[in-house]
Every structure is written in structure tokens, then in C-alpha cells.
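Read from first to last, the chains carry the letters A, B, C and D; within each, the first residue is number 1.
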Amino acid sequence: MADPMRIRAQLQGDKATVRVLMAHEMETGQRRDSAGKVIPAWFIQEVTATLNGRPVLNAQWGPAVAKNPFLQFNVRGAKAGDKVVVSWKDNKGDTRTDEATVA
Amino acid sequence: MSHPIPALLLAAALAAGSVHAQTPAPAAAGAAKTDPLAEYRRLLEEGNPAELFEARGERLWTQKRGPRSASLERCDLGQGPGVVKGAFVTLPRWFEDAGKVMDLEARLVWCMEKLQGFDGAEIAKQPFDRGEMANVVALATWVAAMSRGMRFDLPQKHPQEKLMYEVGKRAFFFRGGTHDFSCASCHGVAGQRIRMQDLPLLTTNPGDGVGFAAWPAYRVSAGQMWGMQWRLNDCFRQQRFPYPGFASDVTVALSTYMGVNAKGAMSIAPAVKR
Amino acid sequence: MTLRTSITGLAAGSLLLAGCASLPSSSELDRIAAQSIQGSFRDQGIAKVDRIKQDLAQAACSSDKAPDEATVERIQAEARATIKWPANGWYLGDFREGERIAQSGRGMTWTDASTATSANGGNCYNCHQISKQEISHGTIGPSLYNYGRNRGITGLDGPTVQPIFEYTWMKLWNPRATNACSQMPRLGHMGVLDENQIRHLMALLLDPRSPVNQP
Amino acid sequence: MTTRREMLATGSKVAALLAAAGIVPATAHADWNKTAFDAKTMAEAARAFGGATPAESKDVTVNGPDIAENGAVVPIGGATTIPNARRLLLLVEKNPNVLAAAFDITDAVDPSFNTRVKMGQSSDVFAVAITADNKVFFAKKEIKVTLGGCGG
């Protein structure tokens, strides 16, 4: 099971700036190991986020997103204490969901 | 300390090799202001993946693990059992119970062996990114983070600590390998760079958050979290030296030398690096 | 097995000054340091421990003090005797190949498969500015941009050209010949690069058509 | 193939609109657009999302450093002020597959996203906005990827 995400949701006016770090290899499928064998692709394909349960973000990613990905976006209409939940799903079907409180 | 020799040698080389005036290389002292990489580095700092390893290290510290199913919460990093804050900026130091000077990673392995029942020798043999060794790196990342903003102040009271400093100084200037490199080849003169990477002068305090005060660090080029043991290991690889043992005398002595020299420097570890 | 013996190569005792409050003499410290350095490394791949058996210059240039004048003279004389001059006085190869070799920092580490010169680079840009186009260059060594041009090289032979060719060849083959404690690797002498590869680097620096010598 | 693309595009467009209106959760339509991620050009990637021919626009911005110290991690971002933009793509022209990331634009977020991508070499990077009526607008910026470290 993947390590938890690190999520920060910082209130600026009526918006929350959300910064997310995800622990993931983001393997492209185009690299070879030392024995010359292709290392299979393994990367996050979908990222979603909700604010107090309401969907706010939906993204599709390819293997060109860097290893241990970083994502930043601004959620409108946020206030202190709101709950931000971020989920990802990779091409092997593994998922991870973590949350943070807007502060 | 007197002026490190490479400065004199470089001056001599310039004088001897100069038929016509050399085009002056850009002075790195002024480079910081116009550094074209400043924006790149600033953007990386907005989200340092070292945080992922820091969080893992914190979980590993409290988790009951190993043959004895124990946590590391009683581990003594030099400030008393279980005291983590402030420990990083005093390491390497002498440990009476072990009868030797240890750096952070050696001490963590010691605790994993004594408290959790792991085989320290087995851990020491593993590559840095595998198995329990990867856990040591994560633990070191968290322990370092707990001293973020604090200033280095290594003890130099015990004769072994002084001895390690002296051994480290000699190791720092030791030239060998197919390319005749020493640590001082890259870190013996202020204001130089390899490619576009600034090289800290490590014979003195290079400043807050520079050199010894920046590691462990997340290397974006490799997508890996490196502790000081890994950093030194890869320095020796690039020096074309043979392989330094994990927590071998040379590595602990070099950290003692750099850490003592860095007295007063503020730690920013874990940092993010190219 | 205790950690004392399991983690470090040296037993703690060999570095221990039992009950001793002051440090040993400098020469005794040198001995202890040498012993602990030798005990800290092991063979890995092509990088064997014989690489840290120092020769005269490596030992003499391993402190923050310069060696004495007699030692400097001896090192330089010995180095001059090692220079292998190019066959048939043919100094210059292809500057495009030279650029490729100058760019590469590869070779001779324990992660490299072989010590064959074909796998090795010159590491040149790591320390020197060379062509103007490459902005990612080091500053440990002097800038080599316009190296030939600054030395008045406009052709490929002639009386003014020869001494500069010889001096540059010497620098690339074994820089200790002119500077006992040079920080530059002995690319030719240590078998990092072969004669042909050094010809290509020579062309990069000295061929008037090389990007290095463009205004 | 065209039919499939259109179906995909229409399906996701409708879903995006529904999601934007808060009618269905965003996760409900998150079928990964393989055609888009296999695309070799910006136009192909935009077409895979139902977009028309791309046109450069000042109403789209792409940001990132002029020079990256390493191609393994290059911070880039995109934003748009086009009112009916429904999707924002980030692309690297010289990567084997150009599309790196695609973000749905909803009323709940600013149409501005930052992430980090891999770049094999110096290249133009693009931010592409696709509107509700399938118009495609883009901005581009060159990012130079330098060699760093000892190179070995």
C-alpha cells in the first residue's frame, strides 16, 4: 500500500490553495532495468478532490508527470475548517485517499 | 585553518597555463543574484517530496517493529532516550554505550539492533533504497526535520570526537582513484561550481542551510531521498574511489569534520536538490 | 554480533585513545587516518581498493599545505617522462567528437561496466567553460572558450602552433608535468582516454573551425 | 476510430458539464483517455478530447522556469481566463507522448493548475484550453533542460 499523501490547504480570502505531494513511482514504461528488461509502466491516471464531500477537481494524468507528484490548485468558496479529500488511482488499480483541513 | 591548498594551486595553474589572458570564468560569488536556476529551485521548494519520507520516518519511529516488536521511542540519539528534537545538529558524537563516535544513520541502526532486534550488519549491507536501509533513510529524514531551523553545534570534548575530526580532515584532502580527486577537489575553494551546481566550501562554515546543513535531501534527478551516508557514498563513486562501507570510519570522520566546521550554521534539512 | 564490529570495518579500539585527554602528534594522526581510510573501503565492480594506494603526488598533494620545492620538481619531472606524444606528430582529431567527449562525465566509477576508454568521457565541462553554446559548465578550472584563438592559432601547423600543441597535449595527457598538484585528471596517463580521444579534445580546443574558437 | 473519439469526447463533455453543475460527482466520468495520452502532437491530443484546431491565445498562460536544472522534475502550470473553458491540458512537445496532464475546469476551482513533469530534453511546453463549444486555445513557452552534476 502506498504511503499517505501530504496535503496542505491554506485559506487565502475565500479560496483554499491546495498543495498535494503523492508518493508514487510514476514509471513511464519506457525505461529498462540493468538487465535490459523494460520496466512496466506504473503511474497515477486519475486524481480527484472534494471539498466537504462536493467534487471540485478531476484530472487525468499520464506517465510524464514526475515521480512523487506535486499538484497545486485553488478551491473556491472555502473556509477554515472545511475538509479537503484527495484521491488518486493508478494504472494497476491501486488507490489512495487522504484528507486535510483548510487552515 | 590555513588557506586550503587548491586555491593556491589554481592560481599557480592559471599563471603557468596562461599564454594570453584567460577569459574570466563567471564568479560564483555574484552568480547567486543572477542565477538562472533560482526560479527552478524556488518552484521545487514549494513542494519538497522529502516530506513524504519525513512522514514515513515519523511513523517508523513509533511503530512496533522487528524481531522484538518494539518501537524506537526509547532510542538515545545523544540527548537522552527518546529525545529527538535537537539531536541532529549535534551528530556525529561520542556514544558511551557503543564505545564509538556515531553519525545519525549509524546510531539509528544501533537502536534498531538494540531495541528492535534487527541485525545491524545485515542492514548495513543493503542498498540505500531497499528494505530496512530505506527505513533508516526515512528515519534520518524525520530526525533531521525535527531540528529544522536549529544551529549546528557538535561536541568536541571527548578525545574520540577530536580524533574523528582530525581523521576527517585528512580524509577530506586524501587524493586517489583514477582521476586524482579528493573531497577538496570540489569543496576546497569557495565560489566554484560543477556544471551549474554551486559547490559549498566545506573546510569552514559554508552558511545556513548549505552543505552539511542541507542533508538529508530529496534528489529530484534520481527521485530519491538521500541521507548523508548516501551523499558521501556517491561522492566517492564520482571520485572513482572504491566503495566506502556504510558508517565506516571515513564516512563518520568526514561528517564529524564537516559538522564541526559548520558550527553555527542553521539546518534546513531535509532539503530538495537537483 | 555487536554493532561495534558489525557496522564499521575497524574495531573501535584501533581509533581509541583510552583515557587520553590530548590528541596524538600530527604524524601519529596521519598514521591513524591512513589506517582508517584503508580500512573503510572495499572493492566494488571495476573500482578496486588498489585505487587508494597513493603514488608520490597523490600523497604529497593530500593536505592543505603544498609540498616542498624538491618534491614538486620531482613530481613534475616524473610526469614529463610519462607523456606519450601522438604518433607521427598528428595532434588534432575531429572537434565534433571532441565536444562529445568533453560533454561526457562518465566512466571509471563502480557503476560502470568496464574501464575501456570507449565508455569514458573527459569530464571537461564539469570544470571548464569551453564552447559558448553550453551554458551548463563548471568553474573549477579556467575558461577554455577561445582557447586557440586567444593563443593566435589561425592554422593547423607552423612554428607558432607547435609549442602550443605540445603544451596542450601535455596538459591533457598528464597535467602534473607542469603543475605537481594539478586538480585536473591525468586523462592520457591513467588510461581514462586514449590517444585518439585526446586528439579530438585537442581539436575542440585548437582547431580554428571548432565552436570554441568562434568569436 | 473517429466515431469512438467523438463518443468519448461527447461523453466526457456531457459528464464534465454535469459535474460542473454539481449534478454528478466528478469521479463518475473519469475514464482515462488513452487516445489523448498516446498522442504525438498537441492537435492530436486536443482532438482526442473533442477539440477543434488549436489557435494561440493570450487568454491562456503557461508557466515554468526558463531553465530546469534537471529534466526528471520540471515544475509547470497552466491557466486560462476564457469564460467557457472546460478543460486544461499541459503538454511537452518533445516528449514521446506529448500530453502530461488534463484537468477538468469546474466552477469550484480556479482554472489554474500547477504540477511537475518529466522532460527528456529542452522543449516547448504548452497549456491548452478547450472550451464547452470545442474551441482550442493554447500558450507555449520554451524550457531549457540543462545537464547537471558530474554526468556520471
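Convention: a residue touches a chain if its C-beta (ideal position, glycine included) is under 8 Å from a C-beta of that chain, and two chains touch if they have at least 3 such contacts.
Since we're looking at a predicted model, the values are computed, not measured.
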Chain occupying the most central position, where position means C-alpha average: B
Chain pair with the higher count of C-beta pairs in contact (A-D, A-B): A-D
Inter-chain centre distance, subunit A versus subunit B - centres from mean C-alpha coordinates, in Å: 31
Centroid distance [mean C-alpha coordinates] between subunit C and subunit A, Å: 46
For subunit A paired with subunit D, centre-to-centre distance based on mean C-alpha positions, whole Å: 16
CA centroid of subunit B to CA centroid of subunit C, Å: 25
Subunit C residues counted as touching two or more neighbouring chains: 109, 123, 125-126, 135-136
Residues within subunit D bordering two or more other chains: 72-75, 146-152
Sequence positions of subunit B contacting 2 or more other chains: 36, 46, 194-196, 220, 223, 238
Pairs of chains in contact (touch as defined earlier), listed by label: A-B, A-D, B-C, B-D, C-D
Subunit C-facing residues of subunit D, complex: 146-152
Of subunit A, residues touching subunit B in the complex: 3-4, 6, 19-23, 25, 66-68, 70, 72
Residue numbers on subunit B that touch subunit D, as the complex places them: 36-37, 39-41, 43-44, 46, 194-197, 220-223, 238, 274
Residue ranges of subunit B touching subunit A (in the complex, touch as defined): 46-49, 51-52, 55-56, 218, 220, 223
For the subunit D and subunit A complex, residues of the former touching the latter: 16, 19, 22, 25-27, 29-30, 32-33, 36-37, 72-75, 77, 92, 95-97, 99-104, 106-110, 112-118
